[in-house]
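Step one of this worksheet: look at the structure below.
Order of writing sets the labels: A, B and C. Residues in every chain begin at 1.
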Amino acid sequence: MLGFLIRRVLQAAFVVLVVTLLVAWAVRLSGDPAVMLTQGAGSVTAKDLANIRTGLGLDRPFSAQYLGFLGGMLTGDMGRSFIGGTSVGLLIRHALPLTILLAVVSLALSIAASIPLGIHAAVKRGGTADQVIRILSLVGLSFPNFWLGLMLVLIFGINLGWLPPSGAGEVSGIVMPAATLAIILTATNVRLVRSTMLDTLSQQYIMVARSKGLKQRVVLYRHALRNCAIPLVTYIGLQFGGLIGGVVVVERVFNWPGMGSLAFDAVSSRDYPVLQAVVTVLAALIVTVNLAVDVAYGLLDPRIRSE
Amino acid sequence: MRRFKKLEFIAGILLTGTMVLLVMFSGLLFPDGGEAMDLSARLARPGVDWAHILGTDPIGRDVLARVIVGGRISLLVGVFSVTGAMVVGTIMGLVAGYYGKFWDTILMRWADVQLALPFILVAMTFTAILGADLWNLIVFMAISQWVQYARVVRGSVLTLRDREFVQSARSFGVRDWNILLHHLLPNVFGPVLILVTLNVANNILLESSLTFLGLGIDPIIPSWGGMLADGRSYMQTAWWISVFPGLAIMATVLGLNLLGDWLRDFLDPTAKV
Amino acid sequence: MKFRNRLLAACAATAFIWPMAARAAGTLTLAQVQDPASYDPIDTFLLAWGQIGTSIFDGLVQRGADMQLKPALATSWEMLDNNMRIRFKLRDGVTFQNGEKFDADAVKFTFDRLLGPDGAKGPQQSNYTAISAVNVIDPLMVDIVLKRPDPVMLTKLAGYGAVIVPPKYLSRVGHAEFAIHPIGTGSFKVVDYQPKVSITLDAYPAYWGGAPKLDHVIFRFIAEPDTEVAELQAGRIDIAINVPISLTGTIAKDPKLFVASVPGPTVTVLRFNTANGVTKDERVRKAMIMGVDRTAIIKSILQGNGTEVASFQGSLSFGYDPAQKPLPFDPAKARALLKEAGIAAGTPVQIDFRGNDATFREVAQATAGYLSAIGLKAGVKPYEQNLFTNDIIPNGKTAEMFQFGWGGWTFDYDNTAYLMYHSGEHWNPYDKDPALDKMLEDQRSITDRDTREKALQAIAHYVADHTLELPLYNINTIYGVNKRVKNLTPPADNRFLLNDVTVE
């Protein structure tokens, strides 16, 4: 088990390293920040632009810039934003907890809703409850997240006035963005729980357990759920990356000042230091979650750990 | 129970079939491609004028025509991107899961790198480098999503690989590709099919989200996602611009998923309770 | 469990950033799209800075809501040495918000910094290169000496890079700290700054122009206009800055709110690719201009929130000629011109534009519709903003037409014309015309106001005669405002003067 862990941690570190190289390379193909900074300026000469580039350290060769960034990430000094010179570390310290909070709350909401609903649908397969749950999950899948978010704002933020339309200023501000993400996650999770549960329920040992007269609840939540945990956990691990992607859009709709908003602004303004740092931190986060999933895998199914 | 399944199947066929037929013949129904504009008739309410039964958008274009023609782009994006992702991902997942070791490591690390990069940010960066374009979008989506299929397929293969029927096939000297094709592929079909039906819908919506972020394609050519994104600011003043394309998406998604479910039952005899 | 507690703590910690401040008496909350991130005046050209910076800082002169220059930190000034030296008499008894005294040394410090190595790292320096030195005559008198005459220098002294900064404070805290905790002589003082969230200002009671009537001003940063308007409707902000046209209807029908629409600095045109393709032919360009009903676009899509233009400037701009009229809308003539130029029906043309500009997105589609009606096959292509402005336009990679919105806060046609039409300029990828170059260069050394105005008008006519662009409109600046805000003069240049504003 320990060897398995060490190997996986090394692999994860390697993945993050590849990501840093990719992002540092790609962002430098995407345009010149000096031009962006001087937008709206009177007459900008080539010399002015060169001055600004030197000021930003962009006159150095790529390898020097990349190693500087990598060294900075390792020592915890992430450099300064091109826009206004704010410390990148400070920006991330503000944004990261908010994004993690949003992701965790929406994931938790979704799991809490989809396990009982999915199991119920599987057990009552073909019945009214199953149909209703399935149709509702389909409806949840039929809207883009920004549109769903704007609808919630319209109903609960403006018409009813129950919740703040945007921002992380009040505790209640998390309700709508988390719900927007959770509704979409739940729609997929319910279906996944239902279908894996159906597979499991049709397997012999469950039938045996049932025929032995074990209580329905025990069969479902102890034996069957454990078996369908593998695909569910895989999928939640997979979803985490997608969730972070969805967070970019939802954070923008709800003006949630998290990593997604930060990244979005950084891409738009070619703020290399911020974008590099944000993507690296997000990648590390996603990789860690996937690592945790793999370890959970090993715990749930010893056959996988052994190889 | 049986009757209900049949009903679902019929509903799925009807919904998906109607949408596909409408989209296929949209050129005959609306020769202008939903692009004809009339600024004097902008934001007309639905049901007032027979010429614009579902109303008009801010440029004075017919919403009905655009909803029907709009399916072309949306279905194109959905179907092509998912097909690409599914084919690549399934092959990768089968190989990685069955052979393990070296291939597994290479493919899964590669997959990890991709999973660690949020799609929207990658799309934004590459749109910044290459420009927004229909085929760029499709390729972005396929590239970013094959990983999902690969992981799911691999996961299933890992649990199946050591099961009796695979072991016995192997002991009888059945070739690897034969095992992959005839014993493993049918068994991973269920989860893959679910992913497919979900992702076709998802990618239709993704096109919309990219338009929302200002990265969409030519807004003259109607697409459901684009209409939804462009109509959002009119939600309180002209709901019809975004509600009708929204309903079109819902009908399509619903139809696809009903068919997907039915197909799953059809292909998986053990699931018949 | 520990993790959850920490998350809850993070949540609670952010809960007190703006505790429903909009409703509070004496507090005005505004929302704008962007956080300028640095409040140091040498760092930025962003409108987003000007919106806030105007309340924190003052220049030697100030521009009122009527766009006229008036005394600010200087009480009077005179032009000397044939306009090569400007002598300013400074206001006595002014203090910075930290109590530091304002005097001639502060003026000298400000300009030395702007024009020195610190300034070179930022974009503002390029705007003030006409200044050769600032000489202190006595504590309340300075001379600004110019290398060459700059007809818009006085206007430029009213804002952005030329606002006066406190020498002692800045020298002590350094640039990075000043950028997030700025101090100026303005009517409001920064008390709290949350990057990308909000900046809170308190009234500075010792302001030289009299204490402001508001107690607090909060600027919130909201990227998405739909969200901004939702906050406005929910009563959590009082002023939404720069609302897209598509949302004006929503604001107008809300009884608590009103739409304030004022002529703004930004003029939008569709520039032609005059170097390649069908638009190389002047007749084709003329046909494309005459084929588009600009009046109808302003009336319907802009909902009247704009005025038609004949050149790349609005009526507030110096160099504007009220007698100049745009080419009329005449589709029949347009078709004839296309025929004459030998352009086949269905020839494709494309309009490139900035994808995140919601209003222009509609305008581009309507324009394409008109072009299709005269027999062209018109498409539109949205670009990511940065790619568009950094690569596609300057490197001449556009299609036949491309969106260009421009309007310096200085309201001088030179600021537009020189950059758009002079050969080799960054924003001019296609045109090379020695005659036009000469006109543009010559007007820069004219110091007589009337002669220079005539020269600028002549340039505008020359450009129109050669159909270098399809002039569209001067779009209004649109604000969504809560009715509880009183005494607000919505500024044309986005630079809010909040001294007299009150809230109910």
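Here are some notes:
Note that a residue touches a chain if its C-beta (ideal position, glycine included) is under 8 Å from a C-beta of that chain, and two chains touch if they have at least 3 such contacts.
The structure displayed is predicted, hence computed values, not measured ones.
Arrangement of the chains shown, judged by which pairs touch: all-to-all, with no pair of chains left without contact.
The interface with the greater count of contacting C-beta pairs, when A-B is set against B-C, is A-B. Centre-to-centre, using mean CA coordinates, chain A is 37 Å away from chain C. The distance from the centre of chain A to the centre of chain B, each centre being the mean of the chain's C-alpha atoms, comes to 20 Å. Centre-to-centre spacing of chain B and chain C amounts to 42 Å, using the average Cα coordinate of each chain.
Counting partner chains per residue, chain C shows two or more touched chains at residues 226, 384-387.
Residue numbers of chain A whose C-beta contacts span two or more other chains: 30-31, 150, 154, 252, 264. Along chain B, residues 124, 128-129, 213, 232, 235-236 each make contact with two or more other chains.
Interface of chain B with chain C (complex): residues 35-37, 39-40, 42, 58-60, 124, 127-129, 131-132, 213-221, 230, 232-238.
Those residues of chain C lying in contact with chain B across their complex are 225-226, 244, 246-247, 249-250, 253, 293, 296-297, 300-301, 354-356, 358, 361-362, 364-366, 368-369, 372, 378-387. Chain A contributes residues 30-32, 35-45, 48, 51-52, 55, 80-81, 83-87, 90-91, 94-95, 97-98, 100-101, 104, 150, 153-154, 157-158, 161, 164-171, 174, 252-255, 257, 261-262, 264-265, 268-270 to its touches with chain C in the complex. Residues 6-7, 10-12, 14-15, 17-20, 36-40, 43-47, 120-127, 175-176, 179-180, 194-197, 220-224, 226-227, 230-231, 233-234, 236, 384-387, 389-391, 394, 408, 415, 418-419, 425-426 of chain C are the ones that touch chain A when the two sit in their complex. Looking at the complex, you find that chain B touches chain A at residues 1, 4-5, 100-101, 105, 109, 112-113, 115-121, 124-126, 128-129, 147-148, 151-152, 155-156, 158-159, 162, 190-191, 194, 198, 201-202, 205-206, 208-209, 212-213, 225, 228-229, 232, 235-236, 242, 246, 249-250, 253-254, 257, 261, 264, 270-271, 273.
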